[in-house]
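Two complexes, one shared chain (chain A), two partners (chain B, chain C).
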Partner chain A sequence: MSTQPTVGKPVSRLEGKLKVTGAAKYAAEYDVPGLLHGYVVNSTITKGKIVRVDTGRAKAVNGVIEVITHQNRPKLAWFDLQYTDMDAPPGVVFKPLYDAEIKYNGQPVALVVATDFETARYAATLVSFEYEEEPFETCLDNNLEKARDAKKGFATILRPPPPKPTGDFEGAFKNAPVKVESEYWHGVEHHNPIELFATTTVYEGDGKLTIYDKTQGTINNQVFVANVFGLHFKDVRILAPFVGGAFGSGLRPQYQLFLCVMAALLLKRNVRVVLDRKQMFSFSHRPQSVQRTRFSTDENGKLTGLNHSAVSETSQFEDYTEQVVAWSHKLYPAPNTLFEYKLVPLDVHTPIDMRAPGGVTAMHAIECTMDQLAYKLNLDPLEFRLRNYAETDPSTQKPFTSKALRECYQKGAEKFGWQKRNPTPGSTIRRNKLVGYGMATGMWDAYQFPARMEAMITKEGKLVLNNAVTDIGTGTLTVMSQIAADELGLPLEDVTFNYGDSKKPFSMFQGGSSVTASTGVAIVVAAKTLKKKLFKKAAGIKNSPIAGASEEDVIFKDGNIYLRNDPTAYVSFKDIISLNNGRAIETTNMGAPDVLNLRKYSKAAHSATFVEVEVDKDLKIITVTRAVTAVAAGKIINPKTARSQILGSMVWGISKALHEETIMDEKLGKYINTNLGEYHIPVHADIHELDVIFADEKDTLINELGVKGVGEIGLVAVPAAIANAVYHATGTRITKLPIHFDELL
Partner chain B sequence: MNNFDYIRASDIDDALASLNTHDNGSFIAGGTNLIDLWKYNLLHPDLLIDINHLPGHHAIEEIEEGGVRLSAFLTNADTAYHPLIEERYPLLSKAILAGASAQIRNMATNGGNLLQRTRCYYFYDPDAPCNKRNPGSGCSALNGYNRIHAILGASENCIAVFPSDMCVALAALDAVVNVTGINGERNIRFEDFHRLPGDTPELDNNLKRGEIITSIDLPAKGFAKNYSYLKLRDRHSYAFALVSVATGMELDGDIIKEARIALGGVAHRPWRLKEAESFLQGKRADEHSFAAAADMMLEGAKGFKYNSFKIELAKKAIVRNGLMALDPHSQLPGAQPSA
Partner chain C sequence: MIGISLNVNQHQYHIQVSPWVSLLDALRDHLKLTGTKKGCDHGQCGACTVLCDDRRILSCLTLAVMKNGANITTIEGISGENELHPLQQSFIDHDAFQCGYCTPGQICSAVSLLKEGKAKTREEVKELMSGNLCRCGANMGIIDAIMEVKERGLYE
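Entry: the complex of A and B
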């Protein structure tokens, strides 16, 4: 009996070798016979109508098969709802090539299909459009007076409107002895996964399509394609075995999928459409937001009032919302609260979730305001937070299923050396650098969605699992395999987890840090049933060595069922299957959150980030020299992949605080730095010492695995911690992200 | 990409003769900018003349006057790490290594570095007005997002900046550019090579069509004892300079015998001011002198909505870089973390 549990062990990614050797195939890498290549033409105006299209020159190019525009596109579903997807906000989904109307700059207006990519790209430059332009608005700051409440709809279930006010905020704030009022701003960001959005559609005939797509949700896109093109669900198969990052941008079907399928159906050919880097800026993004906070405390630093209001942009056609303003009251108790959230529709594409949507936006404002209050109170920022530590969720009065934030504070501070901080801004100098320490708290929801798992023991005695979920680079394959291996007592190599295929049983799209809980719990449920079935078969064998035993008397290990107190008595999985006439033992089960019980609790992951920055005393160049993030996210299935998740998020936090922004030229109505040379994300030279700590957080209530997910939580606190460190170094508070060093000059 | 012909030139004459066999012929060396421009639909060459393999054109060698000649066809990486450059012209080496990325420097050539186009966002967007790309269409940057744009020598037609780091050092070193055309060879002083935008922003430099840069001459004086290159930007690598400074000095004790200061990221060409350099002659090499020279260099600088900070930043950078040049081996921490 040699098999050791793998959960909690730093198992390396099972697909790692395929990825580093280039053997892993991504959506744009499937070569199929007679493949045609589509290249998208995007609108060059921001708003208006197409009045004339000339595709003649493009069509005349040798190798061009077809140029599809709104004028000659095939018939499409006409009912708006048929274009919807599981993540669609309230409103009317954008429909590519639907009509002559231009709703945003960069909107796809044609697809050129040719025998090779370069021909398609060249011919795309020859398609000409004449437009009738209309005035547009793309600047949030200029349109704040248009702010209005968001429409409600299906997607609002996960993003409820702001909670109702409690107490009397205005009265409390007016009379508070200590208070702070500030405004925070951050710009647009685009996800920019390194893998470009791409789809390869294999036209199988008879209305059947096999589609390799870049997505975070195979079934979501399957339903979309079937609905829009009037196909049977079972005839549409979406495969996404490898996804080179997505960060939220793959939560909804993007336009390359639509155009690729349209071309394949029209031409009855295999077609691939790959977007280029510039086109990666022509769909979803993180919305720019303006936030206002007013927080007050009593003389002892106990919060008495929390007011947080946010205005974010959305498109003219959908009301994309995030949960921004509710977080402060989930984190800190205060008797008087007032929260407002509004949208300004602009002539841009609808935003979409991007790593820690809403949470990281909110926490920038909340945790910088807390920092300001700490200085006013002459309290250490960490001590101030501990004085306002919430043992139960202040916004609902419910207990948390678990909350090890205190341990995050303590372990993070200790590892970082927080106690060495001189409280006076600008007081610590290292040669020609001002040194600043900053900290911030992070919080993220702990989601779990229903998922179905098919599990079977094969005649080789091995475990095979089937589920539609993707692995967007987070380590899902590895983590799911670990959970399954441990449940059945098998070594990892005896587990095969098939995933990234819409034909397999249901999982939600991979978002919100939900997959380990959702799909993982489905594995636990399926494994339990499978074990029951195996045990029954084993106990029923003639002269079974475990005859007469109850299920409690046996253990599953190494592909055998042993008697707990007599390891010499066992039945192997192989024997069970061969006595089952070689037929696999299988089961399909649903895993779902225990909603009734969970209603009694609040559930969340927490984090604390501590940051050291150096700011050049003359030139003001900023460097994040050290950062520690301590995370409380329940049980950590795989400390290696989890650490990678948190590290990646910390790098992103540095990016968000100091580098990353998509710049909108409001006169042209378009983004202008649409390439990775000018859309700055950190490079190696920007990243120094990063540390990750996981708090020991046992959660027996949240789900069968006690997990909360580690995708978003690593990012939430980082930008605020950096902004606070910059203040501590310089005495100047920059409330805009990203912080440009020259603002400190 | 449009279809195109490709030939590998056997020598300079072959390359020059091939250019006019097509309407839109283009030389290609490293291609690190040309391919970008092509993909962005700004250029459509119908003939590529590969000038990477011209025999006898890949050397760095000492020349009679005591200087060094760099082949134009050598890569930036091979130049920056060449012993003659590291020893005699470390300012040039440091400037090259401050630019681009290792991969790009491995491809990019010295001649190509001089000819790279601006990184103005609007220049790269074929649908935006841009006088440099489409003369007469207007300048989108003038009233647009102009954080990365010029504060010196700009015109109302164009406020783009020249993005090279290498050229800032070449300007400080008084390099000479050797070119060959159908009508023979000529030499262009570095300060005459790049242009200010004026009324013809479409012209970046004074190289004529049908001319090839063959080599760059560095005068004997390399300022190898007292030099520094400081580059300030929005991240610590792989970003173009908001402001950069190349400083070379010859000292007599703590008195400046000769000083060279060139600025990058602030104008349509590397920016020098002879008056400021003469002012420093005979002065003490200290913060005070550098600050006075900085004020002279930035006199008349004009900021726009998003880039006025560059004026102050450039002054501070000149001072810091002067101090760094006093002890180049320690490289007093400038833009780098102190760890």
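Entry: the complex of A and C
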């Protein structure tokens, strides 16, 4: 038997069997004794004050244990800072049931706790509130004059303010021979994972809490709960072994966690709180944005000026920001640039990162503007981008650690058949359909955060790894196991990766396409130390077959340490542990980015998407019939799960371009399509031929694994490519997302 | 409270439920069969799909008391103890899920779809599976998985 490397192989998800048999347990599915069920009551007004609460009728219902409001809630932490979390934007965190103030429509105002779900839900309808309403503002378009700079804070590190201007943009734009000016708009979107947000809190009795929670960051929520409720960190354990999708909505502790823990502590009982689908629209969303671009070129199609400004909504209490306006200059060189980013505070909940935050917003404006310029220049859109291809990062003048975008363009165009495109809009007709081809470029950051990994070889000679990271459906369990197996030369079945548990060593929350680099590198570092330790033990054994050898002389394979040039001389892991009196050999190490060296480089993943749409000649219904996305994201650990990430992102791109949007009734200040019947996401019948290509991008600089992450890069280019294809099909440029067929009629 | 009996995955259960308890909540909260998922409680997402007397139904839109005496099959019961249904294996092979939350509903729906025999082409399969939403965007994998089982005739 000889173990083959698994990295680069399309390994099926290791938790697959649990998911297809229904055995995988999510946060609301833990059966604990004496469980109480909580149901949340939400504010029906948008802004104002609660002046009267009547919980009497609800409390009189048989089976209701307690109704918690701001009036009878237990004491909470005093200081705003104690409510913060690792992803909190500058400002003051929203505190559920804190006081009588209503800050947004749908704000949680009470929790009804009962012996069963139906009773809690019924009693929740009997809790009545009297409000004093105040005027509110929820419309971005009506409040653009209030746009202001974002406050700075801890979160600003990852979301820097716009870069300073370069050259003289206004002068260059005024005198440019070719220029385009346009405005882009997209509405609010909600993450809507199919699993409802849920928390099951187990009250352990000795001041300890075990909490099954829907989250992307077990330690983030552990720290939050401990701080808010004045508990010791070690007494709070957050478990999230299975998370039914999150897409950013689980980056911060959400209110069901807060309310569930509050009820458990108050009642000293086990409590579960599950939100309903409507309530999934009552916290955090992708902010609506208005963007303006002005791009200019010389006669040869070389960009001379880039101006991108964006105004996004935020709440009245926190300044949520995204990286929107800096992207064009990371992608295309231009001597004159001007970038502006402003916020309008509205009476809504604070937005939160939603898959490819900022990037997918920005790339819609940038790549549609590039498309308009290509038509003005009478250039093929792909050729126009190649003329402005940046070998080094134009915004910093630094080289990229790697950039195989050119290969993405070439391979994507070839697979798609881009050269068959007739450049004239509205010129291709198939049956009763106008056919359009569109393309766009994508770019996303390659983040890496520090992570700590515990690794050990057990007495069975197997590898066990422990880390707090979650797997929200990305394939983390599988990918981490593959990395670890190869590092130690073990077959996959001899590796156990324990995760989704705040008791395990630190990983950052699962966001920003950062986990494979962050947690993966920690595995590499821990594995190196573990190998050193194993080697030292093996070489020190009396009459060791590898005595006298140096570490370079041995290889780790199949649970043994072999002499490189004499495979008959080996020591097995099992023997090492047995001679260690059965004690596991273990290590805990920190993996971190090589900040000093990486400071000299720009680091990013790139993509190119090519799309074919059909637009019904009479009804103008738009169908994405084919799409190809080519991705350059460094090494691909698992082409099967990575492909699924890109395919999923492409579906998200189709959804953003043509389907999903949360609609606000501005008179009521409330979202009105808060269900999956009216909040449209693509169904199977909407999804046709999608293709994924991974460019061969070797990156020896970015991190020990050469990976960049694939959670978001597949999405960023898709909406723009679709909008460009719709223009090519119809000759009508729609700059608003989602594109509705009636705008083409 | 009303006493009802449900035959779920060939086990006979007798439970006391209020008349407004949905079949979905009866399965999850009373029988502790949490493989059937709640995604909307409104009949809009399909995550709660189960088989009732061999037809796919949305258990969230069905009151438990309406199914007194019925035969229910959930994801926990679509295959034998230690084996996978061909669709379950095909879902794994085609990476037809990511987070896995809509998966039991997708598979139950597909089991029934294949038995119904109405969908002949890939387009028809897509159409008749469109009541089951997948937010991770695993749509291609799901349809590929079903088509493979359908084309190879790996179902009763």
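We take it that the second predicted complex is superposed on the first by the 744 of 745 C-alpha atoms of A that agree within 3 Å, B and C clash if a C-alpha of one lies under 4 Å from a C-alpha of the other, contacts with A are read in each partner's own complex, and residues count from 1 in each chain.
One rule holds in what follows: a contact is a pair of C-beta atoms (placed from the backbone, for glycine too) under 8 Å apart; a residue touches a chain by one contact, two chains touch by 3 or more.
Everything numeric in this text was worked out from a predicted model, so none of it was measured.
In the superposed pair of complexes, A:292 makes contact with neither chain B nor chain C.
Of the two partner chains placed around the shared chain by superposition, chain C is the only one that A:652 touches, whereas chain B remains out of contact. In the superposed model, A:683 makes contact with both chain B and chain C.
When both complexes are overlaid on chain A, the residue A:9 reaches neither chain B nor chain C.
Legend: residue contacts after superposition of the two complexes on their common chain; A:244 is shown touching chain C, with no touch to chain B. In the superposed three-chain model, the partner touching more residues of chain A is C, compared with the other of chain B and chain C. Once the two complexes are laid over each other on the shared chain, residue contacts for A:59 go to neither chain B nor chain C.
Touch criterion met: A:24 reaches chain C, while chain B stays clear of it.
Contact with chain C, but none with chain B, is seen for A:192 once the two complexes are overlaid on the shared chain. By the touch criterion stated above, A:640 is placed in contact with chain C alone, chain B being left untouched.
In the superposition on chain A, chain A positions 118, 276, 675, 677, 682-686 are in contact with chain B in one complex as well as with chain C in the other.
Those residues of chain A lying in contact with chain B across their complex are 44, 118, 121-122, 125, 276, 278, 430-433, 614, 616, 618-619, 621, 623, 625, 658-659, 663, 665, 667-668, 670, 672-673, 675, 677-678, 680, 682-686, 688, 740-743, 745. Note for the complex: chain A touches chain C at residues 12-13, 15-26, 28-29, 31, 116-118, 192-196, 242-247, 274, 276-277, 472-475, 640-641, 643-645, 647-652, 675-677, 681-687, 690.
Of all the residues in chain B, the ones that touch chain A in their complex are 1-3, 39-41, 119, 121-122, 124-125, 127-128, 140, 143-145, 147, 232, 234-240, 242, 309-310, 312-313, 316-317, 319-320, 332-335, 337-339. Across the complex, chain A is touched by residues 18, 20-21, 25, 28-29, 32-42, 44-45, 47, 74-76, 79, 84, 88-89, 91-93, 95, 97-104, 107, 123, 125-127, 129-143 of chain C.
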